[in-house]
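See structure below.
Going in written order, the chains are labelled A, B, C and D, and every chain counts its residues from 1.
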Amino acid sequence: MAYRGRRGHPRFAARYRVNRGTLYTYRTRTHNICMVSDFFYPNMGGVESHIYQLSQCLIERGHKVIIVTHAYENRKGIRYLTNGLKVYYLPLKVMYNQSTATTLFHSLPLLRYIFVRERVTIIHSHSSFSAMAHDALFHAKTMGLQTVFTDHSLFGFADVSSVLTNKLLTVSLCDTNHIICVSFTSKENTVLRAALNPEIVSVIPNAVDPTDFTPDPFRRHDSIITIVVVSRLVYRKGTDLLSGIIPELCQKYPNLNFIIGGEGPKRIILEEVRERYQLHDRVRLLGALEHKDVRNVLVQGHIFLNTSLTEAFCMAIVEAASCGLQVVSTKVGGIPEVLPENLIILCEPSVKSLCEGLEKAISQLKSGTWPAPENIHNVVKTFYTWRNVAERTEKVYDRVAGEAVLPMDRRLDRLISHCGPVTGCIFALLAVFNFLFLIFLRWMTPDSVIDVAIDATGPKGAWTQQYPCNKRRGENNMMSKIR
Amino acid sequence: MVLKAFFPTCCTSADSGLLVGRWVPEQSSAVILAVVHFPFIPIQVKELLAQVQQTSQVGLAVLGTWCHRRQEPEESLGRFLEGLGAIFSHEPWLQLCREKGSKLWSCKATGWQAPTSPGAPSEDQVMIIFYDQRKVLLSQLHPPAALPDCQAGDAMASATGLAAIFDTVARSEVLFQSDRFDEGPVRLSHWQSEGVEASILVEVAKWASGPICLLLTYLLSLVSAASTCRFFNLWPLSFIWSKLSTCEQLRYRLEQLTFIFNPQKAENPSQLMRKANMFVSVLLDVALGLTLLSWLHGKDRIEQLADALVPVADRVAEELQHLLQWLMGAPAGLKMNRALDQVLGRFFLYHIHLWISYIHLMSPFIERILWHMGLSACLGLTVALSILSDIIALLTFHIYCFYVYGARLYCLKICGLSSLWRLFRGKKWNVLRQRVDSCSYDLDQLFIGTLLFTILVFLLPTTALYYLVFTLLRLLVVTVQGLIHLLVDLINSLPLYALGLRLCRPYRLAAGVKFRVLEHEAGRPLRLLMQINPLPYGRVVHIYRLPSCGCHPKHSWSSLCRKLFFGELIYPWRQRGDKQD
Amino acid sequence: MSAEPETQAEEIRWQKVLYERQPFPDNYVDQRFLEELRKNIHARKYRYWAVVFESSVVVQQLCSVCVFVVIWWYMDEGLLAPHWLFGTGLASSLVGYILFDLLDGGEGRRKSGRTRWADLKSALVFITFTYGFSPILKTLTESVSTDTIYAMSVFMLLGHLVFFDYGANAAIVSSTLSLNMAIFASVCLASRLPRSLHAFIMVSFAIQIFALWPMLQKKLKARTPRSYVGVTLLFAFSALAGLLSISVVGATLFALLLVSISCLCPFYLIRLQLFKENIHGPWDEAEIKEDLSRFLS
Amino acid sequence: MEEEQSFSDICGGRLALQRRYYSPSCREFCVSSPRLSLRSLTVVTCTVWLVAYGLFTLCENSMILSAAIFVTLLGLLGYLHFVKIDQETLLIIDSLGIQMTSSYASGKESTTFIEMGKVKDVIINEAIYMQKVIYYLCILLKDPVEPNEISQVVPVFQNAKPRLDCLIEVYRSCQEILAHQKATSTSP
């Protein structure tokens, strides 16, 4: 339609930059996609922004996208975001850090109602920490829909808890059509954890919006060197290492400051370090940051320090590099794949090695051998763009939409054969129960009774189409409605 | 915009004439108040309007003509009516007309440019809305649209929508004073208020009420002055007054009476309503009190009561003694520390002994006291009830004491245990950061802490049991008191007058209006009937309930349970009393 | 990207980076897939005798609990005069104190800045408080049934053994808690003794054996491992002997327990190392090697 | 003129929508749900009475039977008077206001009239209701102090929840009147 023609040219240009290969592969069909995850705005983090940006780009490419998440305290019901991106905040009980409690059944009625009324064809779940995402996969398979799963996190194999979680992941991914990982390391990890066929696992990195993260050299004082840390202050992000690094360096370099953005249980030890070494004027703890403020914090510093102990794909370092900072990071997980060697200094996850890395960075900074922020920004901004991510995800959808859905009996066989005798049988039984429950629900409220939702986005979306006057006013009111 | 003509139902059968009313331009509605019949002299009509206008600041005008065709229409009348428009020039000029069969109405609005699409016929642009003049006049909109104290002019401005209509009708009351039978220069037809004699009586009452009010206010001021004199505010007395619910009740009533009888008249209806409610509640209260009084002082019930009272108190004490004996044994096979048990038990037993002796000291006088108390019932049932609650409080003073001792002891134990438990786990409460930190204690600190911890743990059940029992007793007493206070507050705060009004004259308290579409055929203007939508009872109570003297519960059930668990004192008398609701 | 024919895949080598577009489909699987997979890189090789030596700490603690119980039983039976126990306890603690100082060589004092006067004071505090509270302790639990007391003290002693600081840095280890539980148990048991003097002496003995003795052990183990082994053996045998005088069955069971802990468990540990299969890779959560507590202490 | 159309509510039950156009400036929509069916009534009553009889046979106390009859009667009355709504009417009059009437099975009527001055707009909104996601028609009221803000949302046809097609019918003609209203009220 006209709207797509309008948008056509810039996207063609963009894709031409991406690679010559896909210039002539034009899209065939559009999908109705439902993103399911426990983690979405107002909650903040990598997963949330990933879902949001991906959805926006998919809408731009003419798909219909809705997002389903759980209610955040007074945020219940249905909201509309930019470009008519529709978000369902379902009233489900939150169990443990924003992940809902799962009984594997209680969310079926609502999810089924939504899938039916939105005419969803592809379920795309995010984050293996989110119980809701796994429920959605389960229910979608029961209803015979195509499913895609994006894994944002890494797991070890050492301790008991990870063994259990890996088993559960095996079950919930065993009949998922396609899995997306954010880095090659993450792919290896997921393939091992869920015992998957690597052919159905694609690697599509995250992206950052380079326009949000532009350098601003005048915001920082060159008399003193400032090290910026932006992360949640938890063990996995290596806050303990940070608490060791701060005193070491502050004693060695008098003109060195730290700016630490983020909130978390480990904030206490940072405060204790600050009190012990009298560093109140040199170590600033900013507390929790809005996503829009991150850039303003980043540009105040010269060096960005990332002390994570495990990372699938570290968005923070890309953002920092895009702001022209000098990145020093631990060499864990997928981090080595993210930036080329000339833009990042990789260290072992230990105070000693990190201190050495930082000193190296400081010396480079002093000697001025480090390129100017502008040049770094211009290099980095070509790496990861949401458009590209959306294109590649779209290919996954196209592929998935072609596949056939397993009938119930085949599904049960697969469950039993794939996830071990005991677990397999248990979950096969649960699947049967779920199916019976679904039949009961269909009997209670047949699909014919369920109204088809007026879709705001997508090819025939109310947002992009010219409706008769009064109609569209009503629609817009629906959008602007905040309750 | 559609032209709305508000037409009083009482004028539907009036003879032809001029329509007198107010034109509200901002919502293009014409409020017709009366019909001036033929024959008339235009000058006189204008005079009448002028004087009405300057008495009630309402922009009255001649809005148009009204012709009621009883017999065959004659052309002359029609043309004559046309002509009248020239005399009383008004934009728009309405021409309301009712055909023989009362169904057919027609209305023409000339000189009024409908700003809508010109294609639409003007008939559709006019809407006749019938309203009952009397009800609209007497009714009072909720919530009041116009601020009560502002001037007439801006009241007009501020009153929006239907409130403006109500306002207009209410203000032009003077227009309705003129009676049908008096031979004025102009004959009007509008709503007539019946029952002139009744209104005369009302006048007399009003006239008489002034001096009475003055007298009563004087007396009341004397009483209040006496109550505020130095002697009563000396320390112990003032403390006691603040504790006794009777005094609270009396003070409250005194305020109410002074409010009722202050001679300057209430300036807005809500205050008037408030006065009326207070008056009715006081009357009812006193009536109930008098009945109680007569019942009490009829055939020596006082004596019976007095004789009953002392044995009851004795009985309570006895029961308590038995309870304590039971506690000092092994109650319910609980493992109590014998030594501490004995100590506590003896302590409380001694209290009860003191108490019994005190009661017996009192016993000869109780009858007379009761008799005087009974007299107080003539001040009202509520006063009697609050006195009753005070008596209960006095008679169960020992229970209160026990409760306090138990609570203090228990609270001490709980605090000690909680802190020692932290020490036991090697933690400590950080006061600066308001959190529990880990802390490395010395060996001797640990040792002593643990020793004390052990001792407290083993002594806890004993105190806990005592605390539990006496708290239950206390709660029982408090519940009874609370129920009494509830009753008192109910009588104090129920808006009886408003409820009665709602029951008998539903239109007086209006929540709004509702419309009914009268049957209508094409080509004719739409006819609606405007009715008053009465206020629901719940809203009536909510709006008009008088402020109750009892202060409202400070804390919720959960916090109450917390306090009970941690042995904090839940303060007696009033707040606890209201906890019941 | 999926449009690329496979022919290009040979000459353009796939590399494991995300920042540049490669002519491979997103779900391309290279032969280098999972090449960084490692197994059992942290599997430590244990030497048998070293493990046995380490296990002696557990043995020590078990023995001290056993000794305590035995002594309590003797006093409960009236076979042991409280004065005698008090004297020996006092003497042994004096000896231990001197020994501790000799081993320590005073540098521990210099570090903590603790004077002898402070030691004396705390000793006095122990004595006086225990003595003062002993009558209360005596009457404390008389209404509580004996079985409850036994159950409670058994539970507490087990807790003491669980939470004791054996030198492993685990989350549950808390020396404070373990010590407190031991004292609690001792108070419970002491309140069962016939007279308040017994109670007083029992509690003070508990202090010696649960608070002071482990400190001395640590010193011994740090300074002279050989003598430490000797002391351990001696202690174990004395505990066994004491238990033997009460019940043969208990003694045998206890002996078996000690043997299994000190000999069989290490053996099994080393055997099971062979079956260990632990997957490692770049995705693992890196654990922090050096201890960061030095920055906070 | 009057026309009747039959729709279904969100649970699939039948609904009848009557539209009365009195004049271009005054319209009435009346959604009537099916009346109380005799079958269900008898079923409920019989079950209650059977239970009561069972209890009666257990403990020989005739109080139970009388109580059961009493309860059923009271329950029926209460149900008819407070719960069962037969008809919900939306009367919208240009430049005057919107009036919502819900008439109970017992004939009791509860009416609320909203002046046109207060009405900001009439919209269709989505909400999560029980285990469903439903559309409902609602009236937005202006905030008296801040005319661009919404002070309150009044749902229409709250009892009989019609489906989207029915709502759109009502919505369209409401919007026509509102548009006419806005056009005329702004121009002078």
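Structural remarks
In the analysis below, a residue touches a chain if its C-beta (ideal position, glycine included) is under 8 Å from a C-beta of that chain, and two chains touch if they have at least 3 such contacts.
Chain labels with UniProt names: A = Phosphatidylinositol N-acetylglucosaminyltransferase subunit A; B = Phosphatidylinositol N-acetylglucosaminyltransferase subunit Q; C = Phosphatidylinositol N-acetylglucosaminyltransferase subunit C; D = Phosphatidylinositol N-acetylglucosaminyltransferase subunit H.
Bear in mind that the values here come from a model prediction, so they are computed numbers and not experimental data.
Between the contact lists of chain A and chain C, the overlap is empty. The geometric centre of chain C is 72 Å away from that of chain D, both derived from CA atoms. Distance from the chain A centre to the chain B centre is 56 Å, each centre being the mean of its Cα atoms.
Taking each chain's centre as the average of its CA atoms, chain B and chain D sit 31 Å apart. Here the spacing of chain A and chain D, counted between their Cα centres, is 44 Å.
Interchain contacts close the chains into one ring where each touches exactly two others, per the touch definition above.
Pairwise, the chains that make contact are A-C, A-D, B-C, B-D. Those residues of chain A that touch chain C in the shared complex are 18-19, 21-22, 24-25, 154-158, 183-186, 188-189, 191-192, 198-205, 236, 238, 240-241, 243-244, 247, 269, 272-273, 276, 309-310, 313, 330, 332-334, 336-340, 349-352, 383-384, 392, 395-396. Interface residues of chain C, counted against chain A in their complex, comprise 1-4, 16-21, 23, 25-27, 29, 33-34, 36-37, 278-290, 292, 295-296. Chain D makes touch with chain B in their complex at residues 20, 22-26, 28, 91, 93-97, 99, 101, 111-113, 115-117, 180, 183-185, 187-188. Those residues of chain A lying in contact with chain D across their complex are 76-78, 88, 90-91, 109-110, 113-114, 117, 445-446, 449, 451-454, 469-471, 473-474, 477-478, 481, 483.
Remark: chain B residues 1-2, 4, 27-28, 115-116, 120, 124, 127, 160-162, 512-515, 517, 520, 526, 528, 533 touch chain D in the complex.
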